[in-house]
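Shared chain: chain A. Partners: chain B in the first complex, chain C in the second.
Now for the complex of A and B:
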């Protein structure tokens, strides 16, 4: 059932679209070596090369490979929304923070950052868990209670993964509500069949008569 | 799992009816049903009871627990207890729903019963939700809830499994950072 289908969507799954999107989030980096002919990455200069000490925001997938090994090409900084200041805010009250603004993939990207072995990786890891635990009740109550109200305000504060959770909660509520109003016993055409018929008709009309 | 599937399971529960026809035993894979004799109460599966009622071949007899006083006491007990109390039927919600949908005329004070059962349901769901919250906050790896019915589990199943999965991933980051490092080295 649901447990089995979600088990496949693990964080590092190659085909997980959220995982791919999360790897586009930017990380502040500074270069430790000169890089030839890459100056176009830095919008602020007209130099052909990147010189030592240049600070750039690189996406995670690029930074991941530049940071590897003993003599890294770049050195990394913790992105702003995971730094101490934000961690304090999240610790104080996770419910008021707009996680979607901090990064639509706050948890996923946070998890990726941790793999870099940054000095504050442990703090980040614990704050991710604490944040989710703190926000959990609100997501659950919001998704399970409101049936016919406008939830945009509440949903807009949620991180992408939290939104999926919210949708799951809503689905449970809707299913039950439908059953209670005796709507689930009515049989309806499945979407697949409905689409299939449509496609067939197109095929028929294009056939030479 | 679908709510209609839960209802399907609930339809195997036996209820009492008074038939207005006479017939010998019916032999079915799930067991023999009957014999029916007009005017004498007989216990049959819910699905058959609903079917007979739809064809106006019987009257429902409400189950013992479907009584205003008993339900009121149950509601009080549920409200007083910190934990879930044992329900008289594991499918109380489904049976109430089906009996009241088709047999409103057979069951005295149907509206009050419906309200009471719904109240008990709401109490239990609220309790379920707060225990889930406590569970998530406590970082425990397992929890045990007694006397939770299938329909109640079903309303939170998708949400809960997703949430726990998410938590598990977050916890993996905390505990097994070296593992994530390894898996990215391909």
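Now for the complex of A and C:
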């Protein structure tokens, strides 16, 4: 059905929902200059202005805009879940970490972080790769070999992109199973309509037939 | 926080499952537009004072501008992703959408849907020599000309191409031309029975 789906859509697309949500993740910033009349961003004070040295957690999209080279309005710190401490944990055993709690868009946001020239950008880049390499085997194992098992425990620890990968693996497994049972030629109700039915409960007969 | 309301719209899209369309959130869109307007007015004022030499306002202008850009992105993404969803629905549900989906669309979206419908119909008619080609058919490669189907719902009477009228009654079985009943199978009216 690739004819009408947008499978080739890149993650960096302007309209991509995941990308928008990932760019909402917060980065600790401190202001280098006074900013007039924007004090309402800082909920801990009632000042009208933001003064020099104020520390605030700003979403990525705003930090990206305000952080430009040496004479920028804010200076940045590495967010907590990408700092040395967490990097050690991820290095020790990536499989036990609940990435969804660490940030539902761990990889996507991490990739965005690297675009800032932070001092530990290289370390972050390598830990993103190592983490994925370490976890991939388990994701693939879980999604390819468990057809009728409850995997919610495992899935709940995956970050959003890993979940998509997991779902793709499961889909592949199900399709293969269908093919093996010679069911692949069977015409079926479209998934979208089935979902729609489920919500509306159309076709659920109320009178005895 | 800046652009918080616009993000709510995006979260709303994120929550929506594949078979549904959430109600067009006109109220929230208006609020976002108002926020953008306020930010823009403030920036316009301050830009004048910067032009007169008060450069200390520059940083706050940049901050507000970022907010405007973000709001714009969220709004456009909201509209775009809804259109994508409606477009997918055209292929799944056919040219007539269920009333509850239609009810959740705004006027412009209904217009867009009608135009898309017309474009697609014209295109499908223009393919090939005689009478065009229905692209929504044969989503899976066909193996046989006829298929055995069982009715899942009471659908009423159905006229086949050769003029016979059959009654699609719940749990009755029929042997029909694949090309005629594929749509009904996808709609969930009939079930394909594979021996």
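Criterion: the second predicted complex is superposed on the first by the 176 of 209 C-alpha atoms of A that agree within 3 Å, B and C clash if a C-alpha of one lies under 4 Å from a C-alpha of the other, contacts with A are read in each partner's own complex, and residues count from 1 in each chain.
Just so we're on the same page, a residue touches a chain if its C-beta (ideal position, glycine included) is under 8 Å from a C-beta of that chain, and two chains touch if they have at least 3 such contacts.
Just so it is clear, the structure is predicted and the values come from calculations on it, not from any experiment.
Colleague: One more residue to check, A:61. First (chain B), second (chain C), both or neither?
Modeller: second
Colleague: Considering only touches as defined above, state whether A:155 meets chain B (first), chain C (second), both or neither.
Modeller: A:155: touches no partner chain.
Colleague: Contacts for A:118 in the overlay, against chain B (first) and chain C (second): which applies, first, second, both or neither?
Modeller: Neither partner.
Colleague: Which partner chains sit in contact with A:173 here, chain B, chain C, both or neither? Use first/second/both/neither.
Modeller: The answer is first: A:173 touches chain B but not chain C.
Colleague: Taking the superposition as given, does A:185 touch the first partner, chain B, the second, chain C, both, or neither?
Modeller: Both partners, chain B and chain C.
Colleague: Which partner chains sit in contact with A:129 here, chain B, chain C, both or neither? Use first/second/both/neither.
Modeller: first
Colleague: Could you tell me if A:89 is touching chain B, chain C, both of them or neither one (first, second, both, neither)?
Modeller: neither
Colleague: Should A:107 be classified as contacting the first partner (chain B), the second (chain C), both, or neither?
Modeller: first
Colleague: So which bits of chain A does chain B touch that chain C touches too?
Modeller: In chain A, positions 1, 3, 6, 182, 184-185 sit in both the chain B and chain C interfaces.
Colleague: Which bits of chain A are touching chain C when the two form their complex?
Modeller: 1, 3-6, 14-17, 20-21, 24, 33-38, 41, 59, 61-62, 65-66, 73, 182-200, 203, 209
Colleague: Could you pull out which chain A residues touch chain B in their complex?
Modeller: Going through chain A, the ones touching chain B are 1-3, 6-7, 10-12, 64, 107, 110-111, 114-115, 117, 121-122, 125-126, 128-129, 132-133, 136-137, 139-141, 143-144, 161, 164-165, 168-169, 171-173, 175-176, 178-180, 182, 184-185.
Colleague: What residues of chain B sit close enough to touch chain A in their complex?
Modeller: For chain B paired with chain A, touching residues are 1-4, 7, 97, 101, 129, 132-133, 136-137, 139, 151, 154-159, 161-163, 165-167, 169-174, 177, 180-181, 183-184.
Colleague: Using the touch definition from the top, list the residues of chain C that touch chain A in their complex.
Modeller: My answer: residues 1-2, 7, 10-11, 13-14, 17-20, 42, 46, 56-57, 59-60, 62-67, 69-70, 73-74, 76-77, 80-81, 84, 87-89, 91-93, 98, 100-101, 135, 139-141, 143, 147, 152-153, 170, 182, 185-188, 191-192, 194.
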